[in-house]
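Here you go, one structure.
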Amino acid sequence: MEPIQLGNGDAEFIRKVEVESRQDMKKCYQCGNCAAGCPMSFTYDYTASQLIRLIQLGQRQRVLSSRAVWMCATCETCSTRCPNEIDVARVLDVCRHMARREGYAGERNVRLFADAFLQSVRMNGRAHELGLMAVFKLRTLKFFADLSLAPAMLLKGKLPFLPHRIKARNEVADIFRRFKEGRAEDAAGGKP
Amino acid sequence: MAIHEQLKKIILDTLPGVECVIGWGPGQDALHGSPVFMRKPEDVDSFMDTPLGAFGAVNNLALFLPELSGKKVGVVVKGCDSRSIVQLVAEKLIKREEVVIIGFPCEGAADLTKIEKALPEGREAGEVTGAAIVGETLKLSLGSEEISLGLADIKADKCTRCKTPGAVISDAFAGIAGKAPEVRDEYADLAALEAMSLDERFKFWEREMSRCIRCYACRNACPLCVCRDHCVAGSRSPHWITQTDSTRDKLMFQIIHATHLAGRCTGCGECQRACPAGIPVLLLKRTFNRGVAEIFGYDAGMDTEATPPLLTFQVEEAHIKEREWQ
Amino acid sequence: MPELTENTKELRIVGFLCNWCSYGGADTAGVGRFIQPTDLRIIRLPCSGRVNPLFIIKALMSGADGVLVSGCHPRDCHYAEGNFYARRRLEVFKHLLPVLGIDRRRFEYTWVSASEGPRWQKVVTDFTAQIHALGPAKFFADAPELDFLKAGEGVMQP
Amino acid sequence: MKIGVFICHCGSNIAATVDVLKVVESAKSMPEVVYAVNSMYTCSEPGQQAIEEAIKERGLTGVVVASCTPRMHEPTFRRTVERAGLNRYMFEMANIREHVSWVGKDKAANTAKAVDLVRMAVEKLRLDKVLIPKFIPATRKVLVIGGGVAGIQAALDCAEGGMDVVMVESEPSIGGKMSKLDKTFPTVDCSSCVLGPRMVDVAQNERIELHAYSEIASISGYVGNFDVTIRKKATYVDWDKCTGCGLCTEKCPSKKSYDRFNEGMGETTAINIPFPQAIPKKATITAASCRLLSGGKCGVCAKICTSQAVDYTQKDREITVKVGAVVAATGYDLMDWTVYGEYGAGRYPDVITSLQYERLLSASGPTGGHIRRPSDGREPKEVVFIQCVGSRDPSVGRPYCSGFCCMYTAKQAILTKDHIPDSRSYVFYMDIRSPGKGYDEFTRRAQEEYKAQYIRGRVSTVYPKGDKLVVKGVDTLVGEQVELEADLVVLAVGGEASQNAPKLAEKLRISYDGYGFFMEGHPKLKPVETNTAGVYLAGSCQGLKDIPSSVAQGSAAAAKVLGLLSKDKLESDPQTAGVDVKRCVGCRKCINVCPFGAIREVDMRGQIKAEVIEAVCQGCGLCTATCPQGAVQLSHFTDNQVLAEVEALCQS
Amino acid sequence: MTTGKTFAYYPGCSGSGTSVEYDKSSRAVCEALGIRLVDLPDWNCCGSTPAHQVDHVLSAALSARNLAQAETLGLCETLTPCPSCLKNLHNAVEHLREPGFGARVNALVERPLTREHSVKSVLQIIYEDVTPEKVAEKVTRTLNGLKLVPYYGCLMNRPGRSMHFDDEENPQALDKLMRALGAEVLPFPLKQECCGGAMGVPDNRITSRLSGRLLEYAVSLGADAFVVACPLCQMNLDMRQAQAGDYYGRGFNLPVFYYTQLMGIALGLDKTRLGLDKLIVKPAAALAKIGRKAKEEAPAASGAGRTAEAEVEA
């Protein structure tokens, strides 16, 4: 791996993470508590504390292309136990937002699941589990995973075939539309 | 038995054990009353022997207590007056056991300025020959002329925000104390001032204070002014203000008085009532009263065990956000 | 908001500082050469508890455009409690200014420790900018000079 | 008044950005100024001489020096004017260096500001008065509060210097935290072998009067003259009669009392002597555990005691002593680590504190020096040490480093190996802090010789699984999570200010920081003084420290006490408040607010008046700001002086 | 006690799908305890984990629409049974207080919020406002004999500085409520260790690994069943129990109840309202343990007795 060029730390990246997450990265003194308790750590390339360290060093590329920012399950163990009360989970969320915005491929399955889920919400106003699973499987081509669960669920009436659609679907769809149009950032006078 | 008669009986019962009982009696004319110091049973006859009766009991008689300290005295009080006593006791300026407090259910006291203003053009209070309260109106005769005024219109402003129609503490009480009304002081008087721009307020005080004649009646009427003969207004060490006729120094004196009363003033309004120039000097004190209530949730004169908020502190102040600036 | 530039006419800002923390903090700022606007003049007092709120109004009515009080941080008072009292009195006193027609931003109080040179610099810079934004204060022009200050009168005897 | 003004160039420090000559010229026109001159270095010998000469030649009655901060050279110049025959308080300074030349770039603006500051100083000086210090007699006796190692050192050094000492200890025995330790770092020598003889010295020294199981009820007075009331808590045993034979502790039927000395690692009897080396070695009854005192029937100890020392009717009693100085050496407490739910918050018996572990290691401890798990008495093989529990943790309000945990943990890892050769120790750490003589070498020995496995990282959680404790953590150096099934978990719990510290501080009228540690007079130059004259600090009550530092501070405090009380009379600073009795109306507001109790009420011909006790007054001026009629004035900072300064600025 | 108080109720999407029995039983229990729930009209999905992982403003906007629906009812206290929904709604309220955030959210939604809202879990209201003591008084059929492992999941209490409910490291709400019902509650140190959350769909090996650990520990304690308060946890532990079994090469056969189902049984509610038939791992064997001992105890007395015991243990 190429050495990290300390002089090339991306100060704007640090600032953005800090502003969007409202957390002070300088507070972290690298105790490692977030990494110690993280249940998803076994799936990570960098540990949570290493990610915070990389942010401190302004290593945009390394952070945003890491697997870890996608695999975080937002269980908040890290945020709960941080001695400096940094909401680490929120920081990782923000990194994932940035990775998405900046077109990093990320963890395909995680990304596609989120997309499928939100598509379902956008179209119906609510999540339709069966529908979104179908979309997800279509996109990931993982037809057989979890297939064994379906019969029992269907039998128990836990997977309705038809989505529960809300009346004001347009209101929800509008939220997504305005979000896509960047209205939120316009309202705040541009991205912080 | 009328409240007035009940009070007289209580005063008569009190007299043997005290130096005197301070109450209200007749004054210079039909409208004005004045304090009476009752020492003998016959003195009691003049008590409230005025056309306005209890409605004319305007003076806050707590004023006399610190000077009489060391002697046991009785004093008749309106609810607002009793707050001054509570505050004096809380500050240990008088001893509770030296005062016999006689309360009664006060229904409000007159604002003589309002009455005078209501008189026909060119007529003065001294010309009032007779007065009587009939129901909710005050009937005045000026020679042959009769006028009648609604009591609500001539009541003192402080009565409209009164929380203590009975006495806060008392040793004897005539009649039955009414339930404390649920009034909230909205500081309408201050709001009216604050509706002005800063510049207008500045000019307001310049104009009002220019009328001040430096008589210090305001100070002398204040039951909580402890300095008495040692007021900084007349001192050169320290030398806070000059003796000159400057508006600035006149205002400075009002600010000094208000600052000395911050967290102590019960809002009895005697300062303003005493002002011969009609300057609204109570406003400055009420500014502090409002601030103190906001910050410390404290009302002076309600608890003899309380410490005035500026003479104590909390390590963590719940309502002071001193780090807001910087 | 007018920018504070070198050309802007200096305004009159009076600072009441406790000797132990804030005066020391201003010294520390000096030692560190933390450049500040020049408007503020510092009156050294032993403690923020020594600040009679009337000093503030006296200054404002005598022609000061702004008054700043700074003491030790709460709990750090050299005299243990002085700043706790000061905090209450100054906080209450703030309420008076707007009623008199004086912008309440002309007076602030804050805490600066002896080690906080950079903080002192920021406090002075920000407060000076705040006062410049408000501009010169009006004051009662008819006030004569206090007579005991006139030459020859000398020291008051108690 | 004839005032001389001296404007310093301070080389180029001032002159580079202030037009010094212009300031001199302006000064000449200031009221009562008869002489103004510039000076290259006013504080230098020729500079000071020039002032002295000017005073003599020109008959100056007051001097203003405009130079650096008065916090630097005010004492210097006061001595200068005094040498020339002036009262040292007829002097003022204008700070035109730190507050002007060093912080402003604009020379014209700086010059104007310097002129203002000089004018202010002149106006203040015009109202200065001659102040003369008073001399007050002093009691040559010192009170040492706390009988830990710092207090013991201070007491013994004071006694050695010929000073009488009163020592007050809240526990039944002196010795403090150190007496609970098995060994000490970095020498691994036996704690009680080091401390024991010193404790005996305290007991045997004729100059030291020891009050154990006692506390300070109140302190009044001032430097040289403190009146102390000591509350001696009821022990239910007449210590004059008790021989410390210990028979009662053997026969006491109530054997389930919480053992404070052993940090709850064992149980003790209701009547007990905390440990074999206790000083004084006397028995004390814990009332709550005593069958008789808690309302039942017993009385075994009274029956068995051969010297009839047991007295169930004993009550707390108070004694008073007069002392001239006080040394506070009240030590520290362990923070309450049960706020950490992730370590079980106290639910798991085999998660213990380092101090509890000391008791397990100690031969005089409940296990006789054999390491046994509290849960089942088994010898642990896998021992995990977690550092920084309650240290460096802002989320629990303890952002500071306790300073000694790294070292004692290394020691405990070494001792664990000594006690149980086939054991393995794991130390989870954030940083190893070992800056002391032989300290870092010691932590290396723990790892190299004693094979302690140091893991750089935190433990996220500890939970039981069977009879083991699962420890889940991270090794940040490899960036991977680590897990271990441990037998015993030892938490290096940080220290905090002792719980009663704020209360004692208020009695002593000294300040304490946000954590409750007592404030030293100056972080560099007055490490054992406080801002209350005559009160000194030693040991961890001022900030956590290890044994060598505590002992050093004990000695330092003793040196200060011996210095202070070397004279029979003490000079008091005359910059105090004074009451103009003519103006005082006796409203008591000043008395209420004075932080030092320096104002008292006196009856003057039937009238109440305030009176300042000059020796107690510290000169804060709170009373002056409080007195409505301005009857109390702080010398040198009178209302008129401040008003004059305000006018000088606003009228200019 | 909250008897009679009215709350806006947000069932969450899974309430009409994978956790239909949780929704049903929550409503039934609230009704029995006098907690009045009014459904948010035409509510939408809170966006769950995907939304906040895509953008916090988007997530808050979806929640804000729901809270705006509450305002149409004149209510500003919303309850939800689902911790994931709770977290989103709660975070939206919290983030809206941050400067600048509100303007962004308002730019996305139709109707900006006009009031301060509070969002709590149904569990919090039952635990704090009704209290286990009062619940115990209403028990008609004690769960005596049933050994439960309480599992809280990640989200409900953490971090404590934000959620302000129960202990962030060792929550007690389920423990005490279940004890109040007469059940035996086993000490479960993993009561907040992550089950894998929404990771099951992208990669069920993750949920298998994490949930399997929980199941293993629970079995080792000799538990009869899990009791949970989260649809996602329930799904991972129940529906995916077989996957976890495959991952660890063993079977668990541990039923996973919603706490509201057990409360319904203990309060003697109509079985059809509890949806016990919806559980994947059959609960019959566990339910059969109820009342094995001390059957003769009078319900009221047992309720009171339980309360005392719960207090002692606390």
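In order of appearance the chains are A, B, C, D and E, and numbering begins at 1 in each one.
Simple rule for what comes next: a residue touches a chain if its C-beta (ideal position, glycine included) is under 8 Å from a C-beta of that chain, and two chains touch if they have at least 3 such contacts.
From a predicted model like this one, the values you see are computed outputs, not experimental measurements.
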Worksheet item: Shared touching chains for chain B and chain D?
Response: C
Discussion item. On the document's contact criterion, could you list the chains that touch chain D and likewise touch chain E?
Written reply: A
Item to complete: Could you work out which chain's C-alpha centre is the most distant one from the centre of chain B?
Response: A
Worksheet item: Most central chain by CA mean?
Response: D
Discussion item. Using Cα averages as centroids, what's the distance between chain B and chain C in whole Å?
Written reply: 36
Discussion item. Counting only Cα atoms for the centres, state how far chain C is from chain E in Å.
Written reply: 57
Worksheet item: Using the average of all C-alpha atoms in each chain as its centre, how far is it in Å between chain A and chain D?
Response: 50
Worksheet item: Of all residues in chain C, which are in touch with two or more distinct other chains?
Response: 58, 75, 81, 85, 89, 146, 148, 156, 158
Worksheet item: Where does chain E touch two or more other chains at once, residue-wise?
Response: 168-169
Worksheet item: Residues of chain B touching 2+ other chains?
Response: 237, 239-240
Worksheet item: Considering every pair of chains, which are in touch?
Response: A-D, A-E, B-C, B-D, C-D, D-E
Worksheet item: If you look only at chain D, which of its residues touch chain B in the complex?
Response: 580, 582-585, 587-589, 592-593, 626, 628-631, 633, 638-640, 643
Practice prompt. Report the residues of chain D in contact with chain A in the complex, numbered from low to high.
Written response: 342, 388, 392-396, 430, 456-461, 472-474, 476, 479-481
Fill in: List of chain B residues in touch with chain D within their complex
91-93, 226-228, 230-232, 235, 237-240, 260, 307, 311-312
Discussion item. Can you tell me which positions in chain D touch chain E when the two form their complex?
Written reply: 340-342, 344-345, 347, 461, 463-465
Worksheet item: Inside the complex, what are the residues of chain B that reach chain C?
Response: 190, 193-194, 198-206, 236-237, 239-240, 242, 244, 246-249, 251-252, 255-256, 258-259, 262-263, 283-284, 287-288, 290-292, 294-296, 309-310, 313-315, 317, 320, 322-323, 325-326
